[in-house]
Structure formats: C-alpha cells, structure tokens
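Two complexes come next, and they have one chain in common, chain A, joined by chain B in the first and chain C in the second.
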Partner chain A sequence: MISSSEIIDMDQLDHTRCRNWPFLQDFCVTCGMCASSCPASGIDGFDPRMLVRMVSLGLAEEVIDARWPWICTMCGKCENVCPMQIDIADLIRKIRSKREREKVPGILHKGLVAALETGNNLRLPKDDFIFIIEDVAEEVAEEPGFEGFKAPIDKKGANILTTIHNKLVNTHTEDLKHWWKIFHAAKEDWTVTSENWEGTSWGYFTGDDDAMKIMAGRIVEQMEKLEVKTLLWPE
Partner chain B sequence: MGDKNVLVIGGGTAGLSAAVELANLGVHVELIEKSKFLGGHAIGYTCKAIENTCVKCGACMVEEKLQSAVFHPNINVLAASQVQNISQNNRFSANIRQESLVIDPEKCTNCGLCLNRCPMEGAILQGFSKNNHPFYAVNIKKCLYFKDRSCTICRDECPETAIDLDKKASEHTIEADAVLIAIGFQPFNPKDKPYGYGRFNNVVTGLDLERMLKQSGRVKKPSDNKLPQKIAFIQCVGSRDAKLNHLWCSKVCCGSALRMARLIKERQPKTEIAFFYMDVQTFGKDFEPFYREAQKDIRMIRAIPGDIYEMDDRRLKINFVNNSTHETKEEIVDLVVLSVGITPVEDIGTMSRIFKIGPDESGFLRTDHNGVFTAGTVQGPMSIPETIANSGSVAWKIKKYIDGLTIDD
Partner chain C sequence: MTVFDLLIQYIKDGRIHLDKSKFTQLATYHDPCNYGRKAQKRFGHGFFQEPRWILDQCMENWVDLYPRQMNQICCGGGGGTLTNGYNPERVFYARKKIDQIKATGAKMLVVPCHSCHGQFNNIKAEYGLEDLEIKYLWELVADCLILS
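Presenting the complex of A and B:
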C-alpha cells in the first residue's frame, strides 16, 4: 500500500485507466461517510475513501495488489450512506476479480478450487455427507414432537430444494436442525441433494463470475433432475 | 408614475428587500406573507460579531429591511396571506386569502400579556423582530379555543380588547402590473440521515442554533438546558447529495456554521468544538483571515461522520474516520449541529401551477418573463447579502418592465 509519506506525481497518473470499470468513482466528493461508517475501516489502515480515490486516479495495480480489498466484508454499508451513489462493494469485487487467481487469499482460493473440483468447499465425499445428514436427522427424531423425522435426500418431485452451507455439515450441525424443525412443523415437502449441495459460492467473494456461473448452474441441474420448482438458497 | 402596483409574494429577505427598493422608486407594493411574521428564516438569525467586530453575516440587514418595509408609505403588508389564483389581462388580478390574524394590529400594544397568561405552550407565538407588529400571534393549531372553545383567557385579559378569537378569514383582490415571487427556500429536513434528528434531543440543525443564539445569546443542550462542553458541527447535510438529487452546494452553511462556532468560542470559551467537513466553502473577501482564526479554536476534521448514537446520559457518540491515521474513531459530544442545506420550497409547485412556469432541473424557480419575476433563494442557494443584491437588481428589472422599457441584463 502506498504510504502517506510517499509522494505521487499526479501528472504521471493516467486518471482514465479505470474509467471502463462500471462504477461512478469519479463522482466521489471525498466526504468520508463511507470510511466513517465502515465496520472494517482502520483494519490495517483500510480506508474505503482512499481506495475509491486510488481507483479514480488510475492506480490499478496498487489497488489490485493491496490487502485492503480483501479486508472488506462486502456488507455494503458504505454505499448505503454514500451521497453520490458510488457502488463501493461492487467496486471492491471488481478489484478482487482482477487479481491473479493463484494470488487470491488462501482459504477463499482453496475453498473455491475444492468446490469446483468436488462440488463442495470441504472436499467432503458423498458417503460422508449422507452419513452426517442421516445422523443429524436421527438426533432430531429423538426429540419430542419429531418422532420418525427423516431428512429426505434426492427426493424427486419435492416442493423445495434447499442448499447447505458447508459449515452446517462440518462444525455447525446443530444449525441444520433449526431449518428442519421448521420444515417439519410446516409439513413442508422438501429435499437436499447428495451431490453439489454446496450453498456458498466463494466466486462471489473472489470476484470470479465464471465460478459463480458453474456453481449456480449445478444447482439448476439438480433442480431439473429432481423436478423441483422452488429453491431455498439460505446462503 | 405613482399608479403602478407590484405584488410581492413572500416577506422574507428577498421580498422585503425588493419591496423597499421598488417603494423607494415610487412604486406601490402589496407584500403578502404566508406566515404571521415577516422576515422569513433569516429574521431568526443571530448577529455573529466577534469582539464587537462585524463578520458580515448579514443578519442585521434583514431587520433593517423589515423595518423599512413596515414603515414605508408605499408598502402595504398582508400577513397570513396566500394567493388563491391569478389572472392576467395586461395587468394581473390576484385573489388573496388572508387567515384570521386574531390579534388586531390597530389595537395591540405588544404588551405580551397574552403570551404570559396563555396556559398552552406554543399557542401564542412570538416574532423575532420588534418591528413586526403585532409582535404576537395566535397559533390556531395549538390554541385551546380553536380546539374545543375551552379557553378564552387571552381575549378576556387583553387590556386593549385587541383579541377576537372568532375573527374570520378574509378575501382580497389585488391588481398588479407585475408579480415578484420571493418565496425563499426550505431548509433540508435531516430526519432520514443517520444522525438521529428528531429522535435525539441534542441533535439540532444550524437554523435551530441560529434561533437559540438569537433568543438567549447562549447555546444550551435541549435535553437539560445546561451548557454543552463539546459540540460537533456536521457540514453538507442534504447538500451535494446525488441520492437526494441535491447536487448543489448550499453555499451559506460553512460561513454560518463557522461564524456561530467562533461566536460560541467567544461567549463560552471552555466549549470544545469539532467541525466535520468535506471542504470549506469560501465566503467573502475576509474569508482567509477569518478562517485562519477559526482554525486556532476549532478542530477541523476532514470527514463526514457515519452514525450517531445516543447514550443513556443523552450525550452523543459519533463515529468518523481519522483522515491522517485511517482509523475509525469514536468521540462523545454533548451537542451535534447539522448544517442543513438550502432546498427548493414546496410552494414552488403551487407557483408553477398558478403562473404556468416550470422549475429548473434542481427544482428551483427562476423567471423574468411576462411580468412574473423571481428573487432570492427561490432561485437557488444565496447568502443574505447576495439575496439583497439579487432582489435589488430584480426590483430594477421590474421597474423597467412596468415602465414599458425592455429588459436587458
């Protein structure tokens, strides 16, 4: 990151370089409401206002190589308060998309590669997934009022197909139960798939549109195969 | 010469200034004002002289214009009045409805007994200018008599029998050779900004602060009437905002806020003042030395805060980014002043309809065609001196028009 002490010759900068990035960063009046509102600003000196300025000054490599865009949680509070309607979260995603994939921060990159190769971020094999789902379903069935509860896997013609966030079959299995109990109480006809069940799409966070298309396409495929009309995508 | 008549709509800085200018040129003026008092927003502004040296805010000039207008033989003032409709057949013929003033200006001596005896807060309004006669008015929205006829204390006790609670509204017809629309501006209402205006007692607007300083000379916290230790000014609230379609700078708020900040520092030197801004709009040729002095006493922070939270003790927690360290900071203050911008006044819609003229793309109104003119902040942001200068120049255009001369700039 450029430190404040480093002097930049403004005349040497090409202000038009990022003009084709489809955002209105040139409208920035540098009011600072984004930076004042951002829950992540200040972390490693992250300053959304400065980032927007860097883009409008054409400092493309500097922002692409910087850690700042990866500190952002993309919550969107900045653009909510921005008086000039600059889509800062989308701008951040654009910057992320321009980084070489191998240089995308570790867990996001590895998780996405795993998802593209195996259908989920954890590389969890199909048998293990089915075992976990059935095991949690048995636990639910032991609770009063849920006797005989079963989690329908790959049920053809179900009303709702629901995706699974990978942490729910990893460290947060308890959270599966909340959804399922609601389905049960509502007498909902639902199902989960044994393959490509992953509901998170880290292509969103890494700015990888192609990966997002693949992940979304797989879910559509599953819906068509099982003839399910409604998708519940709780990510 | 003396038989020409001009209808001036709006009794604020612009309307008063143009009326006085025209009246001095021998033109008769019918000045109508929607509210019960003359002077518009600016009559509530305080003198901001530091160490008895004028800082050229213009507040006193409004009082001066008001006084000249009220006592000018060529000006007839109708308060609490609005145009219903207007027709033009060479001359204009306007139907005016005047709400009941209740207090008879002929009889009232401005003794103030009505205000003192009234049991209902806000039912008797008091003007800002002693030259505004009567100095008091009945607010029918609060008055118990208008609610359920349960109280007649003011009428019964008025020593001059000047109060007639049953007085009816009246209709007037005004014939005029030209019309001036000087209906001013609407201060931006910041209730939807993340600063808690209208919810947190100690968040006020710049206009609230002007009136507070004018009336009591001191700034106090609305929550407990005690002196604040720490005040934050936030600039550009409702200005330079694409989401609101307010792309303009309101021009006057930096000057007004900085002058008030320095005035508070002079009168209450222990007060700490922080000033949150994007960039400071210059005002007048004395700006440089004024701003240099201001920076000595006032902490200037080049960022607009994100959120304000009210704490249990009614103090306010502000989040903002520190420009040099790129860290978000939290700071606790006693009072927040929002420098709200100048926005088009709602009645521009009515005027557009009556006179068949459209506002500009920002929503302000400007015309000098076919005998209809505009002056002052109805055209867009202007300071008091700018408004007076603009109104003077428009008055000359009107004079030329009614004398049958061509208008040129």
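Presenting the complex of A and C:
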C-alpha cells in the first residue's frame, strides 16, 4: 500500500533501476494531465502521475506491491492526454506482470491457469461444452424463423470460426443466441470448436505475454486443423 | 475479423435485413476502450464510425454520450477489474460514466464489449438505473432481424 503521505527514504531512489522499461517514463514533466483525466484518480489514493514518477525513480517494489495497478483499467485516457506520450497503460500492465503469480488478485491468474491446463477458464469438459451448445441450439430452433437451426461444431472447411466467451457457456447461455441468429439469417457457413474455444485471454489482464501467445496459437491451430480462413473473435 | 466488419458486410451485402422500427425508446452507445482509443493507438484505427453506422441501420432514436470516442470515459469494468475482487473500487470508478448516461436520458445502452456489458449490468441498480437495458451491439442486430 502506498499513500501520498508516506515518506520515502531518499536513499532508495535509483533512476537507473527501471530505465530499460520502454515506456518513456523518464520523460515525465509531472504536469498532472494524466491525473486530471483519469476516472480512477483518487480511488485508494491512486494517481497516475505519481505512479509514473515512482517508476522513474526506481521504486519498483512499491508499485508492484501496490493495489493501484489493479484498480486502473488500463483505459488509456491518461496517455491520450500525455504531452510526452508516455505509454502509461502499458507501463501499468508491465507492473502487473511483475507481481508474483500467486499474488495476482482475484481469480485472474487462477482462471488463466485453468485455461492453459484445460483449454478454457472454467475447466469445462469437452462433453459438457458440446451438451450446452447443442442444448441452446435446440432452443433457438424452437423459435419462429429459426426452424432447423443447428450449431456446427468442428466443421471442416467452414467459412468462419468463432470463439466463445466462457460466460456464455456458464451463466449467460442466452447470449450465445444473438450471433447464432445473425449467422442463420445471413446463411453463414460457420463453426465453433469443441476444444480450445475460449475467447478470453486473461494474460492480457495479468501481463502474461507467454500465456497470450499460447491462447492465440491454439486458436490458429484450430483454424489450420479445420481449414478455416476467417476468425471472428468477439471477445 | 472484427464484429463490426462482419456485421457491416452482412448488412451492405443484403445478407441480413433490419427492422428500424422495432426500438423507439431513446438509446445511447458506449465506446469500449479497447475497440476505440486503444485500437487507434495500437493499430492506427479506432472503431468509432463502424458501430455508429450499425446503430443507424437498427434504429432512428439514439444519441451519443459526451465526451465520446478518443475522449470517452471507461466503464470501470475493463482490465480484469470484474474478476480481481476490487469491487467497491470498480463500482465507484463508474460514477463518471453513469453521469454521462444519465445526462442523455437513454433507456437503452448499446455496447460491443463483454466486459463493459458485465460491468453495466452489475452496477446499474447501484446508481438507480435499474430500468436501463444493456444490449450487446450484435444482440440489437439480432433483435432487429427481418426473417424471410
């Protein structure tokens, strides 16, 4: 926890510590435009200007252990007004990446581990996934105008492959239907995959680039396997 | 391919037809950070015009929030904040966004982002907007489909 009233020992300051971080943080002119534009300024004492200065001054542990980088949504409003074009949102993500994985708050890292191990954040088995997709497809087929509707799973040579946000096969199955209805009306030749269908990639939130590459790579693998050329990734 | 490009393609190619009279109550649109401001910075193209064009094909009665596009205000549900457990902070974060929405008097909020959708549904009652309908952009399109 950091608070603006906390006194930092001047001996800790080391300008060289983070100078290889490629976010231009050393260019900060402390104008405060970022803090003025930030919707999260003041929440738990959060101040993007102060955070940028702390990185520039080498106070890495302090920002890595802080709650601030996780209260920030990396919305980019700060960097949009920054006269020195400092990449503040990416800097926040870099700080997140340096948090010990077991100390990443909430279910973010746990969900990501589940996705890496099982192909989706929910650890939903393949049979259960197929059951849900087919069950919801039957509901759609009962609606007027959608007679005969089916959700094609693992269809080789389809025109479009679409990923699925895990919440749509968990608590929000109704929301599967919107895209399906559009596909039906457009007579689209589409498919979903029975494995590695996960559309979210929580490495984006936790600062884990390796995990993001694995998740994206799996989707590409599915496209190659099914010989699908176009990906719709609504997440 | 983005959700916007595909929807626009279907509409322009005449593969889907939409009923513009289905929704008459005032609606508004929220620019998600990643489709808008951050896409503009990372890829040189923010998806600002595309969703608005799609909205125009679905309904007559919608207005923009102010400020919007590059100066848009985040909903507070992005960056993993919906699942990192900092819930009071996340709800408080949304106050400025909610002020924008209330200023329009809209009864429906259209969003093309799962995180924004989850955030708005989670917080709307907290801010006295129980009746505000939160709709995915593609849900709006699906609801307006004219089926032959």
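Structural remarks
Here is the rule we go by: the second predicted complex is superposed on the first by the 230 of 235 C-alpha atoms of A that agree within 3 Å, B and C clash if a C-alpha of one lies under 4 Å from a C-alpha of the other, contacts with A are read in each partner's own complex, and residues count from 1 in each chain.
As a convention for this text, a residue touches a chain if its C-beta (ideal position, glycine included) is under 8 Å from a C-beta of that chain, and two chains touch if they have at least 3 such contacts.
The model shown is predicted, which means the values in this text are computed figures rather than measured ones.
In this overlay on chain A, chain B fits alongside chain C without clashing. Once the two structures are overlaid on chain A, chain A sits at the apex of an angle of 60° toward chain B and chain C, using CA centres and rounding to a multiple of 10.
Contact with chain B, but none with chain C, is seen for A:Met33 once the two complexes are overlaid on the shared chain. Of the two partner chains, chain C is the only one touched by A:Lys187; chain B is not.
When both complexes are overlaid on chain A, the residue A:Lys177 reaches chain C alone and has no touch with chain B.
Looking at the shared chain after the overlay, A:Arg53 reaches neither chain B nor chain C.
Contact with neither chain B nor chain C is seen for A:Lys98 once the two complexes are overlaid on the shared chain. Ranking chain B and chain C by residues of chain A touched puts C first. Of the two partner chains, neither chain B nor chain C is touched by A:Arg17. Of the two partner chains placed around the shared chain by superposition, chain C is the only one that A:Glu235 touches, whereas chain B remains out of contact.
Touch criterion not met for A:Lys155: it reaches neither chain B nor chain C. Within the superposed three-chain model, A:Ala89 lies in touch with chain C and out of touch with chain B [touch as defined at top]. Between chain B and chain C in the chain A overlay, the least Cα distance found is 6 Å.
Note: residues 77 of chain A belong to the chain B contact set and to the chain C contact set alike, using the contact criterion stated above. Chain C contributes residues 1, 3, 6-7, 10, 15-16, 33, 37-38, 41, 70-74, 76-81, 83-86, 89, 92-93, 96-97, 114, 118, 136, 138-139, 141-143, 145, 147 to its touches with chain A in the complex. For chain A in complex with chain B, the residues that touch the partner chain are 4, 27, 29-33, 35-38, 41-42, 45-47, 49-50, 77, 81-85.
Against chain A, the residues of chain B that register as touching in their complex are 194, 236, 240-244, 278-279, 302-307, 319-321, 323-328.
Of all the residues in chain A, the ones that touch chain C in their complex are 39-40, 43-44, 67, 70-77, 79-80, 89, 104-108, 111, 144-146, 160, 165, 167, 175, 177-179, 181-182, 185-188, 200, 202, 204-206, 230-235.
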